[in-house]
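These notes are about the structure you will find just below.
We just call them A, B, C, D, E, F, G and H in the order they show up, numbering each chain from 1.
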Amino acid sequence: MHSDRIEKILAEVAAGGKDVAAAMEELKHLPYEDLGCATLDHHRALRQGFPEVVFGQGKSVAQMETIIAALLAKGGNVLATRVSPVKGKKLLQRFPQAVYHADARCLTIEQHPIELRGRGKILVVCAGTSDIPVAAEALVTARMMGNETEKLYDVGVAGLHRLLSRHTLLRQAAVVIVVAGMEGALPSVVGGLVEKPVIAVPTSVGYGAAFNGVAALLGMLNSCAAGVTVVNIDNGFGAAYAASLMNRTQP
Amino acid sequence: MHSDRIEKILAEVAAGGKDVAAAMEELKHLPYEDLGCATLDHHRALRQGFPEVVFGQGKSVAQMETIIAALLAKGGNVLATRVSPVKGKKLLQRFPQAVYHADARCLTIEQHPIELRGRGKILVVCAGTSDIPVAAEALVTARMMGNETEKLYDVGVAGLHRLLSRHTLLRQAAVVIVVAGMEGALPSVVGGLVEKPVIAVPTSVGYGAAFNGVAALLGMLNSCAAGVTVVNIDNGFGAAYAASLMNRTQP
Amino acid sequence: MHSDRIEKILAEVAAGGKDVAAAMEELKHLPYEDLGCATLDHHRALRQGFPEVVFGQGKSVAQMETIIAALLAKGGNVLATRVSPVKGKKLLQRFPQAVYHADARCLTIEQHPIELRGRGKILVVCAGTSDIPVAAEALVTARMMGNETEKLYDVGVAGLHRLLSRHTLLRQAAVVIVVAGMEGALPSVVGGLVEKPVIAVPTSVGYGAAFNGVAALLGMLNSCAAGVTVVNIDNGFGAAYAASLMNRTQP
Amino acid sequence: MHSDRIEKILAEVAAGGKDVAAAMEELKHLPYEDLGCATLDHHRALRQGFPEVVFGQGKSVAQMETIIAALLAKGGNVLATRVSPVKGKKLLQRFPQAVYHADARCLTIEQHPIELRGRGKILVVCAGTSDIPVAAEALVTARMMGNETEKLYDVGVAGLHRLLSRHTLLRQAAVVIVVAGMEGALPSVVGGLVEKPVIAVPTSVGYGAAFNGVAALLGMLNSCAAGVTVVNIDNGFGAAYAASLMNRTQP
Amino acid sequence: MHSDRIEKILAEVAAGGKDVAAAMEELKHLPYEDLGCATLDHHRALRQGFPEVVFGQGKSVAQMETIIAALLAKGGNVLATRVSPVKGKKLLQRFPQAVYHADARCLTIEQHPIELRGRGKILVVCAGTSDIPVAAEALVTARMMGNETEKLYDVGVAGLHRLLSRHTLLRQAAVVIVVAGMEGALPSVVGGLVEKPVIAVPTSVGYGAAFNGVAALLGMLNSCAAGVTVVNIDNGFGAAYAASLMNRTQP
Amino acid sequence: MHSDRIEKILAEVAAGGKDVAAAMEELKHLPYEDLGCATLDHHRALRQGFPEVVFGQGKSVAQMETIIAALLAKGGNVLATRVSPVKGKKLLQRFPQAVYHADARCLTIEQHPIELRGRGKILVVCAGTSDIPVAAEALVTARMMGNETEKLYDVGVAGLHRLLSRHTLLRQAAVVIVVAGMEGALPSVVGGLVEKPVIAVPTSVGYGAAFNGVAALLGMLNSCAAGVTVVNIDNGFGAAYAASLMNRTQP
Amino acid sequence: MHSDRIEKILAEVAAGGKDVAAAMEELKHLPYEDLGCATLDHHRALRQGFPEVVFGQGKSVAQMETIIAALLAKGGNVLATRVSPVKGKKLLQRFPQAVYHADARCLTIEQHPIELRGRGKILVVCAGTSDIPVAAEALVTARMMGNETEKLYDVGVAGLHRLLSRHTLLRQAAVVIVVAGMEGALPSVVGGLVEKPVIAVPTSVGYGAAFNGVAALLGMLNSCAAGVTVVNIDNGFGAAYAASLMNRTQP
Amino acid sequence: MHSDRIEKILAEVAAGGKDVAAAMEELKHLPYEDLGCATLDHHRALRQGFPEVVFGQGKSVAQMETIIAALLAKGGNVLATRVSPVKGKKLLQRFPQAVYHADARCLTIEQHPIELRGRGKILVVCAGTSDIPVAAEALVTARMMGNETEKLYDVGVAGLHRLLSRHTLLRQAAVVIVVAGMEGALPSVVGGLVEKPVIAVPTSVGYGAAFNGVAALLGMLNSCAAGVTVVNIDNGFGAAYAASLMNRTQP
């Protein structure tokens, strides 16, 4: 809750430099910005070296342009997730400096070089080719948040040799993000092979009794491998955000 | 629908040895037996060399005694499933020739030696120690139905080396029954390792989002390994019955 | 897990013909192929005489063309499932030797004659005309996997005479696949009539409380006929794959 | 809504024999009776020749004694459902003229002979022996409501010959109540055999994916046989009540 | 199960006029007709004076034309349900003698006058204007099946006076079909007002926690008014079919 | 139930000015109006000073024009909810005096000034920008129903300072409507800050395990803050309607 | 958030009477009290004239005694909910001044007379006798919170005349709490009869598809009567708490 | 997969010190131990400095004694979770050196001092007093795994001041475990206040629509605060295990 700022206000009040009414008033104008359609927290982004983030789903191109322009004006990097190819194309016209990551459905703008702040690599593993969009969203996010990343795709549990032959890669990661749909068994297998935090991301891949990711979600929540935590279905961004916090150099 | 009998009846009618009314009447007295509380099909059991089966759950000791006595009178072997230790103890007093399998919660009576009728071995694999009651029920059932059996317990996916080190056992089976609770991932892994029919049995083992076996059930239905079929939660008997049909020598 | 290959590698290491690092490296290049968007197991297909399989749902025509071309280069037969008519038409232009099965939404390419490897016939039964796409997918799959097949359509339980009049057909099958939507009662009835493995396939046919196949799925999992196993909703392919394993000549 | 009485009140008001306030007041004292813990409608019972009904579940023996005594004082017959053996035993001590139906968990008191008011027989069919308590509740209820009844038990769909051999019984019924747990397929089969109203009663019999009757309920709601309607899980009373209305002589 | 026919066959076999093989063969050619895409039961329709019925949902115009033409050739009346306006328009071009009922999404063809066979009127009640399509489907169906019908629309429980003012209409019906979405409370209220069979039809009307009709369905299954039975969500046809059976003159 | 009118009728009957039949007849013509597709209650609207309300979802423009015209003829104000921009545009052409509120998807027509009838302000709080359509619907509704309103948008629980800095606004409200999707935690936080009725509105905002608003709905029903009541998912109108009743000057 | 206190602290800091560290420290000792097993908010209770409340479910008698003693020491009245008869009896021994309300499973201690603070009466309506415990909890709570109360029990929708004959009672209430299980239809009917806030409380009364209150909950959330808000299943306390806030004299 | 050991075996084979058969054999005797009822991985425990862990739920005292004795023989510390007070008491008799943690339902035996291996503190926060058992299990687990720990109990979102006044504690943690039942909103609020990994643990605390923790689980999965990951309902152990991995000094 911005206690630094609050402490400063308290101190000023104490020092007589600010009266109570003014202090109350000031609390109302902490640095967030009203764009008409969205208020975004710049604080955290600035403090963490994280990019500004826009969740693109359900937003019009016009809304996104307004938000992205405002974010760019802050000077930081920008990450927009859940951006369809059509929207991506239009945003590239407005922001030629942007990069659109088709596999991840993400758009990124780097106004300054990304500073590496992690202790180790974040490895993104996925089970099938249909899980790639979610895995790629995690990958782009993790990189934008200042992490070294690695990927290991299409290593489902029904073909274990693919996974086992990459054992070294698994062991070298600081955090592992495992993306899987259908029965969602991969995080349990990976969790049994590594001794690092494993973040499981269920995907809506599958049909019938997959129930749009519910089967994978339940499988992951019931993982018999300790050390596995779970995020929402298709939430590649959230997994990478959490992984970034786990991978920070200072505790 | 007992077409042999029906064909015989038709033939007798054709031969003039039986009139229509008699034929209709006879259809009503096909060899099933009314015990007041349960009518059991002896036909299939007799033809298949299968034991007579009693589903013990929800039946009183008195009911079970009546049914078992009637079945024994037929001369065949008897398998009672879902028999609690308390009930088992009482039934042993009445039927001293019976064997109570505590781990499987089953009671068996062998009035004649079991004839082996299968093409190969039925292997029962289970993920955790809590899954053993269901696995053992499958094992007892498969053996009573004339199959050679083998077991491989406590080989969950979070400790793959246990499973992989038993690879030969897996490859030698004709049918594999895989019993698992929690996330139910084991059948996918086994299905990727063997090229035989795999029958997956979800168990109600787990807590919270395991939802009494629903998580495992959904995981198994969505298995990414082709060749996996699924039975009801905790249905070790049904899995072994289906495995026995798959393992028969004559197609 | 390709233990033959691994044993060979171990033997070479033992013989001094290969050092440890080389052995580790070789494990990473087992014969699967990276197509950018999908890695497919050729091993099993080759060993089993099975076709190469592409799951078409969610794949673009371009992706499918790449995958199919790669598979054809292996010399085997190809089966693509969940191929919409529009996609099917485009793939036929690229692969004129292909056959598109409209009722099954499948595309097949036979580069060499299919070798019959089954013990008996696989019979595909379906309840209503709306279930035909799933039944036909099972039928095409079973045939491509080297089985003799037979079909019995539109024999729902509300008109039992249709089913009963085909009793001989049921008895002659080695494995029966039963496809049904709505209440999913047909596998129970069929399971009571035959003494062969019955694979139940729930379909998403129905409306309201059918819940896109959930009602049929639950019905089948709770079948009162022993010997019935179940696959995922609309999974005609999986049922036929499992049936093929059950129908193999060598255990 | 007791329109006869209301019309009478209106008429009296019209005739000047009753003022408005009195009319309003009278509406508050229509013939239902407050027993402290339950208000019961005697109107319908009296008019229909139906017995007074007590739903025993969740009521103490003391509460039931109070209610039954009040009902007896009205002069009609009494039917109490969901009465456990323990409660039944205690109620028999208080009401020696009562009959306790152990299989149906019902208690009945006939103060006057039951008048037959139906057009035909109500047939109660059930699938398995575990469904008998619900079926028996339906049977007792139907008889108490003035119907001729018949029963056909233990005729599950996995053994169709049992059902088919009783075809005549099915054809002679005016209304058929079909009670089944597990997959709940029996009403579809019966509905295909008869051309009479079929009332399906799902039971909570089963385990695992039976979900305490949900599988059977969904199966029945999705019945492919037209003419089937459904009541709540285990609601044998409700089925018989509805069947009685269908079976009345005057439309 | 066409026992008349079977009895005849049996009799012929007995009389020596038919041999066993011929009898078995004949069972396979009972009078249903294969149209390539659908086999329909004409038996019941003919016997009951019911129209031939086509479930239009999911069928192409071409398929429907084939089926309807075949049905017309039988000489009976035809009812097609779930026919969209677009399909309806095309079918009218092919079958100019047809009538398209826009509110009910039904198409009917009367080749001969409908014979009234009911004991009384079937009344269709619905709660809101959005429920009308389902109510109208029930109304058209009931009329085509030889019943006098009446309707009472837009009488939801939140405005009881509308319903109560039509009390006479309710009392005059032989069977009442009550159609309601959202909370599905109307059948309970109607069931408390009449002493006739009430068939409740939940509709998928509503949003959010209506869950496409599940809320209404559950409400109806738990109706506190005895005598209410339920059909599937949006199943106006099924309700009318069941109501027709209940309303038949001969038990 | 219009007891004033009924009392008047009763009084007239009593006074001899009206006979019973006429009284019964009159009950059928209470002032609601049949528009062919919808019957609307004008009574409540008139008595409460509330606008006439049309639920636009699922209604055609033609239907809405008919209904709105009929409502305007009554002389009151009109509120149409769930009006898409396309429909809104067309309705504006027909009713140029209307105002279309794009954020709220509502259309309003004020034929006379809105009379303020509330005790205090109704405050509408929402968690995220995606929740605005539902919040705005509540806001427009509350204003049309004669309340002073205030809004507080984009104050989700993950950025508490935004909410806390507006503490005064919260304290000044008479009723607070809290609109939130995803985890639906905001009503608990607000409920802990104010001592006024809080009406929680879950929205369908979110993805994956949000299940179209179910997660938010459950969260709100389980709120640990006493004084919170809940309405259906996305039901901004219903929340404002209830809030208006709570805010009325006369109890 | 205790802004009065915070303002005071701010003011003291401003006045130099308190330094920043002391201010921060003081925030940690706001007047809530740690009892080892529970921290309770006395603030709200004191300010509102509400009783102190203990949720008894899951607490031991010893825990409850500790908490109640601590609350009594504050001088206010005490309300304990979800107190079983056994616990109630023991608590009465310890607190002889307490009253145990058996029907409501509540225990109350009035150390000072309850001050009436409401604008009007709170009416508690319930559908069936099994709903009484929840209704009585609401009644006791509402009275303890300073409201005049009235009750109307056993007026289910299947017997509307009971409800309609009490119309005056309904109209005189300021807030109506409606308690119902099974299909939960009563709030819709009541909501259509009154123009006051209606708080619906689903109960877990019922069986089968009632799903422990889910059917009633969904019914209430989908109520077609505007002005109805809903609380959690069996939450009579919460309903009364919300009703008390709505009934307060000062907005 | 124990690649160190495997590499060693490979190296020995390469060096000629081991033949292939011996190598295969050795793979089967990796250091896990068969206790008849459970096979436990000691590898991970030894390598991580973690205690040996026994999941006590569903195990008999005899089974637990066998397992604990075997674990103690290894020389490490032991943690048993889900140990009821009765079982705890019996185990203390057998293992007098053990400590039973009543609030956490855990039993611990420290054979050697716990080595601190974490980077910072693990803070366990819980919402209500009923959540304490799960929180305490997390706390004991985290401490046994070599972490400094801190706790912050009874700080639910409906009383935010309690949480906010402990802001410093929150900021000092390296990882925060947040335990909450009912609506599960606390992790979102905490996640918005800290910039550290937050592990959310839903509990089964609540009633009605809490659905034994499902409401809390869904709330947490949909948390609007990025950086929150989730474990299974009531899984305090799993949360602490994952937190320990996150808190390790070497990446």
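Quick note on the criterion: a contact is a pair of C-beta atoms (placed from the backbone, for glycine too) under 8 Å apart; a residue touches a chain by one contact, two chains touch by 3 or more.
In this text the structure is predicted, and so the values were computed from the model without any measurement.
Interface matching across A-C, F-G or B-C places the copy of E-F, with more than half of contact pairs shared by residue number, at A-C.
Chain E maps onto chain H through a rotation of 180 degrees [Cα fit, steps of 5, range 0 to 180]. The geometric centre of chain B is 53 Å away from that of chain G, both derived from CA atoms. Centres computed as Cα averages put chain A at a distance of 59 Å from chain D.
If you average the Cα atoms of chain A and of chain H, the two centres end up 26 Å apart. A straight line joining the Cα centres of chain C and chain E is 38 Å long. Multi-chain contact residues of chain D (touching two or more other chains) are listed as 1, 159-160, 164, 193, 208-210, 214, 217, 221-222, 226, 232-233.
By the touch criterion given at the top, residues 129-130, 132, 154, 159-162, 164-166, 168, 205, 207-210 of chain C touch chain E in their complex.
Touching chain A in their complex are the following residues of chain B: 127-128, 156-160, 164, 182-185, 188-189, 191-193, 206, 208-211, 214-216, 218-226. Residues 1, 3, 44, 47-48, 119-120, 164, 167, 171, 174, 193, 195-197, 199, 217, 221-222, 226-233, 237-239, 241-242, 245-247, 251 of chain H are the ones that touch chain A when the two sit in their complex. The touching residues of chain E, counted against chain C in their complex, run 1-2, 24, 27-28, 30, 32, 34, 37-39, 41, 57-58, 202, 204, 212-214, 217, 232-235.
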